[in-house]
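Each of the next two complexes has chain A plus one more chain, namely chain B in the first and chain C in the second.
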Partner chain A sequence: MCLRHVLAWIGMALALPAAAADYAALPGGQFASVIPADGKAARATIAPFRLRTEPVTNGEFLAFVKTHPRWRRDQVASVLADQRYLSHWAGPVELGKDVLPRQPVTRVSWFAAQAYCASEGARLPSWYEWEYAAAADATRRDARKDPAWREDLLAWYSRPSSAPLPVIGGRPNVYGVRDIVHPVWEWADDFNALLVASDSRDQNDPDVLKFCGAGAVSLQEKENYAVLMRVAMLSALKAADTTNNVGFRCAKP
Partner chain B sequence: MKTVLCAAAMTATLLLAACSGGSPDKRSLLADIPSAHAAPAPLMLAPPDFGPPQGAPIKAVLTSPPHVPPPIHRDYPAKVIVELEVVEKEMPISEGVSYTFWTFGGTVPGSFIRVRQGDTVEFHLKNAPDSKMPHNIDLHGVTGPGGGAASSFTAPGHASQFTFKALNQGIYVYHCATAPVGMHIANGMYGLILVEPPEGLPKVDHEYYVMQGDFYTIGKYREKGLQPFDMEKAIDERPTYVLFNGKEGALTGDNALTAKTNETVRLFVGNGGPNLVSSFHVIGEIFDRVQPEGGTVTQHNVQTTLIPAGGAAMVEFHTDVPGSYVLVDHSIFRAFNKGALGILKVDGPENKLVYSGKEVDSVYLGDRSEPNLKAVTVAAKAHAAGTLTRADQIAAGKQLFTGTCSVCHQDNGQGLANVFPPLAKSDFLAADPKRAMSIVTHGLSGKIKVNGKEYDSVMPPMAQLTDDEVANILTYVVNSWGNAGGQYSKEEVAKARAEAKPMAAGH
Partner chain C sequence: MKRLLLILALMLATAPAIAQNKPLPTDSIYHLDVQFTDQAGHTQPLAARRGRPQLVTMLYTSCQMVCPLIIDSLRQTWKTLDAGDRSRIDLLAVSFDPERDTVAALRAYAAKRQLVAPPWTLARTKAGDVRQLSGVLGLQYRQLPDGEFNHSSELILLDAEGRIVARTTRMGRADPGMVAAIRQTLAGKQR
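Now for the complex of A and B:
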């Protein structure tokens, strides 16, 4: 009983106003994305922005649905979130004993993530912003050439997702941003504009570009499977989809 | 809203990935079958459409390896519903070693699918809600873009449906074609789909499902614990494991395939890759029939059949002799150092006419070289010079005897009780010294009596010995161990060799 009280207290303590979240300032600049800006080789230009240092947690999202009841799982419009939306919680406004307040929230749709970010005066990061932030390690802004960086991403893919998610608390990168490449996938604002036809017969099919203009057909660094898989995952989703492993963080100008 | 509009177009075009599929010239390949007269109209041989599906829809039976769904005894094309679930799960890859596999149906290789040529297949690909990855499926038996991959890209917790007509018969690989394709395949996302010809396949006693794959782990071969995927090794094509059915030991010990003697066995052998080509071989069997690459041309009497990555073959053979037959990739270090081993255990009565088992375990001295054979050289020179003496022959014969005869008859000519008859003081030899030349050159089998004891065994013909050598050996024998003495000449031996084989079991 005592433990439950303590956990409840922690939950309440963490259910702070969302505005209390920390944002780190990132300088931006020219960035060699896996998705070239012009569909061929151009680097992306990223304006300075701020990024949430941590993914949004269950505790934070619980506070959000309490103040924004139309995002409760029992009230959300079905076009904005699928049936699995927040289904791991014990109730519409209750996490339950198996869901920890400090775990990243998952089973949230793109629409819900966007609404949450708006509630803290922010937005979802673009793919380029997210990729740029995730390219760093503890000491370097761009650690992508280091095999250890890639192994870190791949190692997470190799872990089965049947085990509960860990709580937030990974080592921050050089910007002070943590838990970005794992333990969850994260929504990007333009997740569905990343059109990729990797390694395929369609690679030179110019029509692919025309379906959705903002993306690109070819990947710059094919060897960089780890990032490619992010793109693949995001590309598989629709905006109302939720999965066990997709969460989000927010960005601000 | 932009995002919603884009979403639909996107899922349709994405990540179709690499390999197979629906090229229009695929069907024209059938023109190469021998029965096709050399008519310059290859497309005429494209299979017919078989018409619309008939009867009630049928739910396909899927099986886990090494099992194969039962033959289809159906004489009309039907609508067949296939439901396949993608599951990402940790499973053993070797003793004490686990790996996070991505699977079609929870096994590696994935569930075996069996349909009939002309069937309309309604395919449902489900991706388990707790999957991390999106997946799709490219079936090499599908005629259409991406082999289905374009229509089956499926996020975790979703299901996709597409329908295809099984136009071509054969055994086909299916695999995940989501980027990065290599990693999805390396994690076990492949299996086989059989499209039976309308008349079915010839009946056999056993059908089994075997599929090779190469695996890349950070840790070394058999290094314990959960081993993550190693992208560098995969790109370099340096597999840690090469396995049949996704696990070292999947087809050995208690998991061995089984058959009885005098049965027919059909193996559907696929190769998922991602990198290696398999030299598939069953140690101790000859494939009576192979349909290489899953095609329609049948090859006979094949020892080793090459199975490309992303290809499959049907292999059939008859079991004649009981024992354990070892399935290997005959790129043999893979078999013995990376795990590509399986066992087919055949039970039943021995068939000595086909295979005797070990008849002789003899010591091979390997001493037939200088200087031990100096006397032989001396004798040969003496013979050439016309100065060969009995003493030369005995000296040469002694050395030859050591290399050839003594392992059975022993150095002292005493033989081995009840197995190999004695040459020392042998009444059998004394009774007919000339017969000895025939025995050595033609062999002897069956019952004989020597010095009062019966022997019933086999002496193979010593065909490797020259006339000269036989003459020297026998001269040595009759002048040793209390035998009566005498001498054999090269010419006499040549004559005995030319004569018919002596009656077995002399008196």
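Now for the complex of A and C:
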């Protein structure tokens, strides 16, 4: 009986990822997002949550597709991930010599990212959670007014998208979260909630009926355009889309 | 002879099930592993809708603005079809708001708006599944602090295999393009 228990435990331990991912606790609270909570000016309320300290890597995602074959690139349904899904890997379960295990994984769809996080007992962070975590620097929770923080965010745009991604391991911010602004952009759970469709802006436009309730969202913190560009990019994506530079990390309550 | 008839009857009865065993097309939304509960309280996988074309939308029943119009649009689109076609398509409206749209709320809304099954299914899913479903249907939504939702309003036509074959944002009256797409989809199935 005892032996069976031990064996069961070993089996469970083997089924878990090789090294459990680290999560940092973030306190949450009121947060002035670029996207007002009510579509006008209200601050967002963020409950305390935990965030993965690092983005998910190629190595981790490879282990995931090996245990969840429906997410292999040769088996995934096209409705859940587009043609370019994991196309930088050498094979369906092989990274190849040009793809490093410690690089953040990219070319993953929102559905695939969701499924990975679920396998870790987690979920994708909301946009507010991501924006809140990314607002910190090494010493401050909200460094957004500091030109150095903005320059750091903008520096991302000057990196050619064809250049190989660096491996992760950047300097942690005040929460212990790393690599959130560089080197990849990240999926948000509510990526399709940001509602900045240009055709929803004009109240006299018949297309305003596309959106129920208050209609268009009025963006805030307009000087913070490095963040707004990320909103625009996420809003333009569909859940099955994959791109060269969008990866993800996971969150937990 | 009796046994032979019985076997024949059994074969006929299982024929549709066999047809469903063929693999789903890769672009079918029925690859999504979500469940929904209808206004009668029955819970099914989304993929249980396979086999018949569906006209699908998402809304929430406490919405006062565009959502009644979405229901009207579904109803008018369906009424534009001739009687034969009407019996071969289902209308499915899934809630953005599982918290308030309980089975009882869906049932009350169906009664108030005279949405009888068939063809009407009003449905709710688990909170996490709403985002998945909206993602696969290409719909956007956002909950506001006051409990209302901003959301895109669209009717989406799925063929019998769950592939999106048409969509329209035209609300308040039947979109002729959508009606034509439904007829074409139903005709395709007859072949």
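To be clear about the criterion, the second predicted complex is superposed on the first by the 216 of 253 C-alpha atoms of A that agree within 3 Å, B and C clash if a C-alpha of one lies under 4 Å from a C-alpha of the other, contacts with A are read in each partner's own complex, and residues count from 1 in each chain.
Basically, a contact is a pair of C-beta atoms (placed from the backbone, for glycine too) under 8 Å apart; a residue touches a chain by one contact, two chains touch by 3 or more.
Computed from a predicted model, the values in this text were never measured in an experiment.
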Touching A:Arg123, do we find chain B (first), chain C (second), both, or neither? second
Where does A:Ala193 make contact in the superposed view: on chain B (first), on chain C (second), on both, or on neither? both
Per the contact definition in the header, classify A:Pro147: touching chain B only (first), chain C only (second), both, or neither. first
First (chain B), second (chain C), both or neither: which does A:Leu228 touch? first
Name the contact category of A:Ala155: first (chain B only), second (chain C only), both, or neither. first
Would you sort A:Trp110 into first (chain B), second (chain C), both or neither based on which partner it touches? both
Tell me the contact category for A:Lys238 with respect to chain B and chain C: first, second, both or neither. both
Check the residue A:Ser78 against both partner chains and state whether it touches chain B (first), chain C (second), both, or neither. second
Applying the document's definition of touching, compare chain B and chain C: which contacts more of chain A? B
Can you list the residues of chain A that touch chain B in one structure and chain C in the other? 110, 192-193, 195, 197, 211-212, 238-239
Within the complex, chain B is touched by chain A residues 82, 84, 110, 147, 150-151, 154-155, 157-162, 185, 192-193, 195-202, 208, 211-212, 223, 225-226, 228-229, 231-233, 235-239, 241-245
Touching residues of chain A toward chain C in the complex: what are they? 37-39, 42, 45, 77-80, 110-111, 114, 123, 189-190, 192-195, 197, 207, 209-215, 217, 238-240
In the complex formed with chain A, which residues of chain B make contact? 3-4, 6-7, 9-11, 13-18, 88-90, 99-100, 129-134, 146, 153-158, 178-183, 218, 226, 228-229, 231-232, 235
Considering only the defined contacts, which chain C positions touch chain A in the complex? 24, 26-29, 31-32, 59, 63, 65-67, 69, 128, 131-132, 134-136, 138-146, 148-154, 169, 171-172
